[in-house]
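Down below is the structure, laid out as structure tokens.
Naming follows writing order (A, B, C, D, E and F), and every chain is counted from residue 1.
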């Protein structure tokens, strides 16, 4: 399978990329052992690449009321609703690793309402699903409900902004028919002793 | 995770089940190494159990123009559209084994339109998706299109009937919040040497 | 009209059918005065025929908390939502007879929310509509609501399972363009003195 | 059943109605043998009553490229899509009488795509369904398709305007929970010798 | 832009129109300074023209519990949901003038849930949106909610009937591709001192 | 109206903002004569602010096969479909100015299918609407259609990426209930001599 193109659009030649982008790609390769295809597919447009990953890091790598695992839950659940193979597979792997849970990602990607999560996480994903699919209906009543589950205004921004960012990301992945690396499918499924 | 209930409804006590049902359950346990929860959840109603599995076997175990792997593709793709965790996870495992392909099931469950399948299989799943989601719109033109892809009338019945059966199955699984066994998630993901 | 084909697929020759199927068909003919087309259309596949009617009988002929009339209400209302001519017309006739009510079936098939039913029956059909159209959203809150209307867990299974079975049936009827017998349209509309 | 209210809103006292409205109601009673409830329900607002029936007559009683039966087909099919009990039942009766066909109305109300109609009538109802449900998508291509089926521009206006008028009518009937008279259900179902 | 046709259908020659219609058109021209295209487009069918404007006036020009501005709010919000350019632009202008508010119409046409309106007006538009988009789901509970916001039964009829009338109007405008006059776009946007 | 809050979330104090952000805000104020609220609302999160505007500029300010006016058409049409007041009003103003056309933005925001645009622009917006609302269905056939209208692969990326970015932007605006500045509503409506 690894001989399939990573996207509808031509992948870049690594040595012709701007240095900062090549450095980022090499760094992720060193850390992960492979280069996730999203880096290669988006490098086709260096300025958009830089903005995309700056946005991503601002939302996914920061401290705050949500754990990193919970941030990935939002990504996996809303990407499932948007039927985005790349994001479901790649972030499913990250979620398995973050939560040390080999089954949660598949549950969330298929139907978050019946996944093994807490009521608070269920409320978080109900809100994310609404921002993703009916953003025009988000109302004060939704904010109130979130507040009752203990989410602060900053948490609500985080949940909404992560959902909004992956609304972009899901569309870029479907637009380009971005292909998840084969490595992602198995990652985090087998407990390491 | 294995201490979670298998369904909203009480599981049966194996030794109180009618003998034919207990025998079927023991046979599948011997073959698979575990009892898929669908057997236990549906044994709550013996007559429905018998009809369900008779129907299942009539559609999934028979010879015909579709391979057994293709039959599972229909199950996984339409169960994804119906957001059914049990069927996606359990039949995803069967599909991986049948097709000796560790990545196809996750692709089909998320977005069959972008999965690694042939144009003929894509047409098969477009038809199944229509039977599953807009059955009232199925028309002569759809039949014609299928025929152009080489599907016989008997193949079309098979595809439609498998989809119809899993429309039932997806609803029973969501009604009962049927829980896939943990074993399914990893099955078929690692090539056996 | 009676010269129109009963389905897209060829009807069987009665004397070439397996004996058990022929016997069932002759029995229904003796009881009803005609052979409902669903028996002929599905006899094209004997094993599926047997499973279909075994399932049907397990759900529709049994005792339990729902009356037989209420079971038919579920069929008519959800078949209306699925735009299935065969099931609306055939089960509309059965409902008129079961409930001795010449107008209820047409109301339920068009808009069950405004039909002449009790609040408890309205709750039953709201639940059935959800299982039929958004099965992935069925939740504990729905169960709770049903319980408040006096439905037991076994009743809920019945309602959900009947809906699930006719989700299959509606799809088979639309797939095969199954044609209701002309006899059904008038059955039960005129009070017998 | 006849003791049920005809609408959520109070029915008028016949002798307090403006004379022209009372006259129209008495005339329809003489002709039909009963007063269809739409006349009583809308008489609550005399000015709207007058405009409603003037509009109705301008569209349904005129000469033109469509037969009166075809006009009723549009009403029944789109009222089925809008789940409007009053219009399905009352205009179903009129259609049965106009077309001398006891089964067509029930077919059209449930799923016009599979009813016993000509390809030209199917095209007519596809267009009406689009005007009813996705009016914002009606395009030159739709007009072209209609033209290929032999519909003139005036026919297209008729089809669209009848659909638009019953979009209003379906909403008034659902708003007021308008109840069809029991008489309608049986009208036209039994051939008169 | 003013050389674009006003509709798919031919506009009438003013001097060939029936006298009452020509008089109405001249009167509106005198009052407004131009002839809104809806008058010309619908004059193609004199009887329908008369009924349309009689209905319109009965709903929009009468006294009652709703202000004239609120009636226009219903038109603009539901026409936005129905994606009807003519009604959004023409009634947007009327609303700006009626409410002496240059920004409200654009808000309502885009997303009434987030417009600068009172909670009572929000409830009014929630109800109108339901009548417009899911009329078959309008229920006693909706009536109760409206009553809690101080709407009388007559107000509810007004809101529902205005929505129903513009469901017709939106479909006629989309059917005919009716073009708003350029004059409407700017009307009411600049405060008159 | 100008005393209404610009968003659900607190606006920043300008003199406490990081210098680069304050500089950007002052620059836009100098150029436009006012500070569009999106700058203030998003400054609540400086890192996200930087990524957002870097992404925006990369897509909207660059050279390429699409004119700047066409880019704004994509924004206005898809923001209308997403019911986003801020983006419809603010980018509607920019579009009027870019295209020197006072009526096009209102048409596109309401129903791009019937706006005064070329067939090529209609194809562009059909594609954008699909990326916005059914991204999972974007297919090779869509690419082919775009190519027939003369769009290069780079143009297709631009159209898809602009749509994806404003899918994010529409969700942030609806999440925060971002309020368009009153100034936008009138901008570009009156020709400057």
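We take it that a contact is a pair of C-beta atoms (placed from the backbone, for glycine too) under 8 Å apart; a residue touches a chain by one contact, two chains touch by 3 or more.
Predicted model, so just to flag it, every value in this text is computed and none were measured.
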item	value
Co-neighbours of chain F and chain B - touch as defined	A, D
Degree value of the rotation bringing chain C onto chain E, based on Cα positions, nearest 5	120
Chain pair with the higher count of C-beta pairs in contact (D-E, C-D)	D-E
Intercentroid distance (Cα basis), chain E paired with chain A, Å	44
Rounded Å distance between chain A and chain D, as computed from the means of their C-alpha atoms	51
Centre-of-Cα separation between chain B and chain A, whole angstrom	28
For chain C, residues contacting two or more additional chains	83-84, 111, 114, 136, 174
Chain pairs that touch, as defined at the top of this document	A-B, A-C, A-E, A-F, B-C, B-D, B-F, C-D, C-E, D-E, D-F, E-F
Sites on chain B touched by chain C in the complex	8-9, 44-45, 47-48, 50-52, 54-55, 57-59, 62, 82-84, 131-132, 135-136, 138, 143, 153, 156-157, 160-161, 163-165, 167-172, 174-176
Of chain A, residues touching chain E in the complex	136-137, 139
Residues on chain E engaged by chain F in the complex (per definition of touch)	1, 4, 80, 83-85, 88-89, 92, 102-103, 106-107, 109-111, 114-116, 174, 177, 182, 185-186, 189-190
Residue numbers on chain B that touch chain F, as the complex places them	111, 113-114
